[in-house]
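Presented sequentially are two complexes of chain A, the first with chain B as partner and the second with chain C.
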Partner chain A sequence: MNAKQPSSINAKRSKLKRREYGWGYAMVFPLLFGMSALFIWPVLRTIYLSFTEWSDFGNYHWTGLSNYIRLLRDTAVYHSLLHTLQYVIIYVPAIVILSTLAGVLLSSKVRGISVYRTIFFLPSVLMPAAIAMSWKWILNGDYGLLNAGLKLLSIHGVSWLTDSRTVLIAVVGVAVWGAVGLQAVIIISGIKGISPMLYEAASIEGAGRVSQFFRITLPLITPTLFFVSVTSLIGAMQVFDLIYMMVGTVAIDHVNTVVYLFYQQAFIKNDKGYASSIAVLLFIMILIVTALQFKLQKRWVHYD
Partner chain B sequence: MTTVTHAKQKRRFQPMIIHIVLMVGSFLMVVPVLWSLLTSLKAPDEVTRIPITILPGQPHWDNFQKVADLLPFMTFYWNTIVTTLVKVLFGLLFSSLAAYAFARIHFPGRTLLFLLVLSVMMVPGQVFLIPQYLLMKDLGWLNSLKAITVTGMFSAYSTFLLRQFFLGLPSELEESARIDGCNPFRIYWNIMLPLAKPGLISVAIISTLWSWNDFLWPLVVNDSMDKMTLAVGLASLQGQFTTNYPVLMAGMLLAVWPMILIFFLLQKQFIEGITLGGLKG
Partner chain C sequence: MNKNYASILIFTVMLTLLLSGCGAGNSASDSSNESESASGNVTLTYGLWDQVQQPAMEKIIAKFEEQHPDIHVEIKLTPWNEYWTKLETAATGGNLPDVFWINGASLPKYASNNQLLNLDDYAKDTSLDFGNYPQGLVDIYTYDGKHYGVPKDMDAIGLWYNKSLFDQAGIPYPDETWDWNKAVEAAQKLTDPANGIWGLPAQFQGQTGYYNTILEAGGGFYTDDGKKSLYDSPESIRGLQLQTDLIHKYKVSPTLAQMTDTSPKDLFRSGKVAMLIDGSWNVKDFATNEYTKNNVDVALLPKDKLRTSVIHGLANVGAANTKHPKEVIEFLDFLGSKESADIQGEDGTALPAFHGGQELWLKSVPQFHLQNLLDMANAAKALPRGPQNAKLDGLEEEYLKSAYTGESTPEEAAKAYAKAVNEAIASNP
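Let's turn to the complex of A and B:
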């Protein structure tokens, strides 16, 4: 600021500035007020509640670490962790590979490509409740479409959603079906960012489509793939809707994930203190896994 | 010469493989929806026949009537539409107001407050759930549309996206308006919002989709039939009538057709919105 300026202008300017600050605060206030009450305060309260014990009438008192000690000793927790791990281990590679494949094919220049894109995207607009219902019927052991199809190949299909051996893979399959189009769209946007000159140069040098894919497309979309794998992993660790609606009491013991356990404790058994400690556990796990992914990205993600 | 014809053959051959793979994929994508539609038109004993029949012998449109008699679908539509509209409109207002301030007004503490908003995006929803539920209980809002709506009106995510959008807009118009003495709110309302229309539309579409399909929160805060949204109502249908699949499928189609319709009408904006909103997975 110019020191020679008359002080009245300076005063006016700082007054204007202060007025502008006021507008800034006023404009962020509604959002911050709502977020504080509904999101930021609840995080703190969940942490607090995880140190409390609840009685039948909704009263609670401080119990120190006892919920966390119970967490460490509860076999249901270990089972839910195991199921979540199994789910994630199958789901994440499947969605990354299939959506990459779909993304590459859907960004090729063939006739009618926009129709294909629309169709692939269709499952993403369906509500999980509807997806679950539709697939439950297809996977039905006696009258399901899948087993009828398998019968044509002389394969005897099982009752997918009640058989303990198949229930997890069936739920993963449905989840992949529901998300692959959406993730493919994200990968398409990554592919669009690659300069066409690279492909031209490669085809002049005689590189085929397959080697173009592995030498150009794949390395250059690793940032997008990283994004897809991080968000898919976070989403998969919180799987609930599909399991809640697709799996009945018969097989639930084989797929009750961490969030399912949380829901049960919080709203069925009404043990909100213990449920809070499960939520905190989930949060910590997601933070660790995400941090790990960010650390590992140096090995395979190329940023230019 | 031979290499040229070889390349030509290849050029014709490769699109065909691509078409075949994409057709198989498309088939897999539409089959569940198509099968639901076919099932919804069959008689109950028709779907438990072996071997299964693909087409309904005679279309039983009355399944749709039956499911509408079983559950108050009109109420579900109303509840879903009202909560979605309120969430999306207020969400856009609050998010865009804050996003503009975060993008263009240099007030002290701006970065810190923005980081606070961003940090909420990192936290899984279950961590908020119990205190949000207890808050609704304390306010006496359980079993009301207010409870379903209020948490959806404040989105860190939309704020983040709209801030990015505002940052990408040119600032010349804004500066000349400021010289003319416009206050920041009027600049936001009269100049920036119209410019940000494409971003607002994308955010609106993605929020509409999330709101329409949202499940856990409306399930938790409400157990009365006349305050249910479509997603939760549909799940309750499944609990009660597990065996009558034609009726179940009719209910499922009644719940999803509006989103499918909007999707077909606004495909481009939908896909743009999802590309932006992919973060939420």
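Let's turn to the complex of A and C:
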């Protein structure tokens, strides 16, 4: 009797377990199916296609490493890497600093705070294409709103989106404008998670608002900041839509990023094999940079 | 136990839902095929991209079905942005529409890969006569000496001008006596930097720009055998220079950077440009725009060595693997007739390609001298078409751009482009 009982309990338990597993798989199935059909499979295909050369109507043949050899020799690739790097270097710090600032200001108790939050968040619900089109108009050299404003201050504005010196900063500016609201909301949620007791204690000890920010808020939202910096870095490395929509023939040579180069090869020059190898290169770069960020986070991110 | 079954059930239901989603398209088309064979009628699919022209196309189809009660035509509208991607995918899978629109740029690709019905094989079954269309257009849809497309409409290029600006400057309107010297002279008088008015912008585009002047200067694009570029010939260089001089030498055109910011056509539509080389596809737009409808008109292009321009236009083609070649030919025959040209002309959105089929179109906007566009069309030559070679894609803009920005002379840019083309052709014959 005694010897039998535990095994039947075990059997019951494992049956229960199996049932639980069944439910678990059923629940995640749609996601898994979607992931593998829409994400994992295309990634594997892209890697395979990067070893092929394309001709018309989907005919392609295996060419081994030749796309990668061409990649290493192509100066356009190095230019696009440089532009992507420049973009990232301006974009990521700008997003982190500005969205922290906005997050702190928008989490203070002011009348009508929800109105301000809405205003900051509005660009995030706009389509990138709509943002690009309206900013293109604002930044127009001869008829733009920005230069009309500058004219009132007797400053002669340049043609922001066609001048090689300003085009990158103009595009980054618009991208930051469009993304800062959403990132600020994420940071607000991080700030809301900080116990008010800490601030009370600090103010009793005589800490001012500035030192409260640097001693309490900033260290405690580092996990949120980490999330914001990882996602915006990945986003910045993949920037395409704004550049495609806003920058025309002339200035494109000064902002063609890696994804733009990919687009150019895949859809203008119809060289899908070479384009795939560019995509693989970008994938590896993002992988390395993100891994690096995770490694470095131990130095500055506090999880407790 | 019950729960276990429930989870399996959910799993299965989801799987079925997903799969049925994929299969829905197939089963629908299967049943339509069945009904078709049952009644003995034939259904043709007709692929096109322009929603604006759909009503006219429907009228044509209605007329056709009246005369051929046993054939039914179904329009498959795909917006321009997705049209070519979808068409290529369909061709790859062997599912091209029976009849569809094609443009000159895509014809070599489809013809050289045996995707299109060779019309000459059916010549005795039809009343199609390629003499009914401008030769330039017929050439665009001829590949290796075989006819593949029935020209549908055409894009003629003319010199649009702003009558009010000419009146203010006291300059007579452009006419058939104008050559490029005269055009530049007038443009210089009309350019007024203080008011932001430009005489004659050099659009950085082939069809509304350098293709026309290259042909007028007596130049060309490729040798007859398609093995070499002709861009390095003195005539072609001159043709390119006629354009770029407008920017750098005479300063009657905005710079390329300015034109990227605000397109010359938008400037023209708001009265800031005196003359604009542009196409017949603007007629409807200029005739309805508040400013241009009473202030502009169209003239012949100024001549250089010749007076000519490039011509382009769509064609209707049939799929090589259609199940109903006989019916496809009957439909193409009708699409290429005077009758369907008249329906298009009356609608006004497209200039019909059929000789003499343009009467109604000419009357569609009485205040414009549309006859000038037609005269240009009749004197026009085909758009440049190189050999079918994927490596040529995108080269033209890449190399010619520097002549427009002023980073290099037209001669340097044209020669560098010709060299790149020759190398691409040599490496991939």
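By our rule, the second predicted complex is superposed on the first by the 265 of 304 C-alpha atoms of A that agree within 3 Å, B and C clash if a C-alpha of one lies under 4 Å from a C-alpha of the other, contacts with A are read in each partner's own complex, and residues count from 1 in each chain.
Basically, a contact is a pair of C-beta atoms (placed from the backbone, for glycine too) under 8 Å apart; a residue touches a chain by one contact, two chains touch by 3 or more.
No experiment lies behind these values; they were computed from the predicted model shown.
When the two structures are aligned on the shared chain, A:30 is found in touch with chain B and with chain C. Contacts of A:143 after superposition: both chain B and chain C are touched. The larger set of touched chain A residues comes from B, when the choice is between chain B and chain C. In the superposed pair of complexes, A:177 makes contact with chain B only, with no contact to chain C.
With both structures placed on the common chain, the touch criterion links A:196 to neither chain B nor chain C. By the touch criterion defined above, A:128 lies against chain B but remains apart from chain C after alignment on the C-alpha atoms of chain A. 19, 23, 25-26, 30, 142-143 are the residues of chain A that lie in the contact sets of both chain B and chain C, per the superposition on chain A.
Chain contact summary for the complex, chain C toward chain A: residues 3-4, 7-8, 10-11, 14, 18, 88-89, 91-92, 109, 112-113, 115, 196, 204, 256-258, 260-262, 390-391, 393-394, 397, 401, 405.
Those residues of chain B whose C-beta lies close enough to touch chain A in the complex are 14-15, 18-19, 21-22, 25-26, 28-33, 35-36, 39, 47-52, 93-95, 97-98, 100-102, 105-108, 110, 113, 116-117, 120, 122-135, 150-151, 153-154, 156, 159, 183-185, 188, 209, 212-213, 215-216, 220, 230-232, 234-235, 238, 245, 248-249, 251-252, 255-256, 259-260, 262-264, 267, 270-271, 274-275, 278-281.
By the touch criterion given at the top, residues 18-19, 22-23, 25-26, 29-30, 33, 54-58, 140-143, 159, 161-163, 248-251, 264, 268-271 of chain A touch chain C in their complex. If you check the complex, the residues on chain A that touch chain B are 19-21, 23-28, 30-32, 34-35, 37-43, 45-46, 49, 102, 105-106, 108, 110-111, 116-138, 142-143, 145, 148, 151, 177, 179, 181-183, 185-186, 189, 209, 227-228, 231-232, 234-235, 237-238, 240-241, 244-245, 259, 262-263, 266-267, 272, 275-276, 278-280, 282-283, 286-287.
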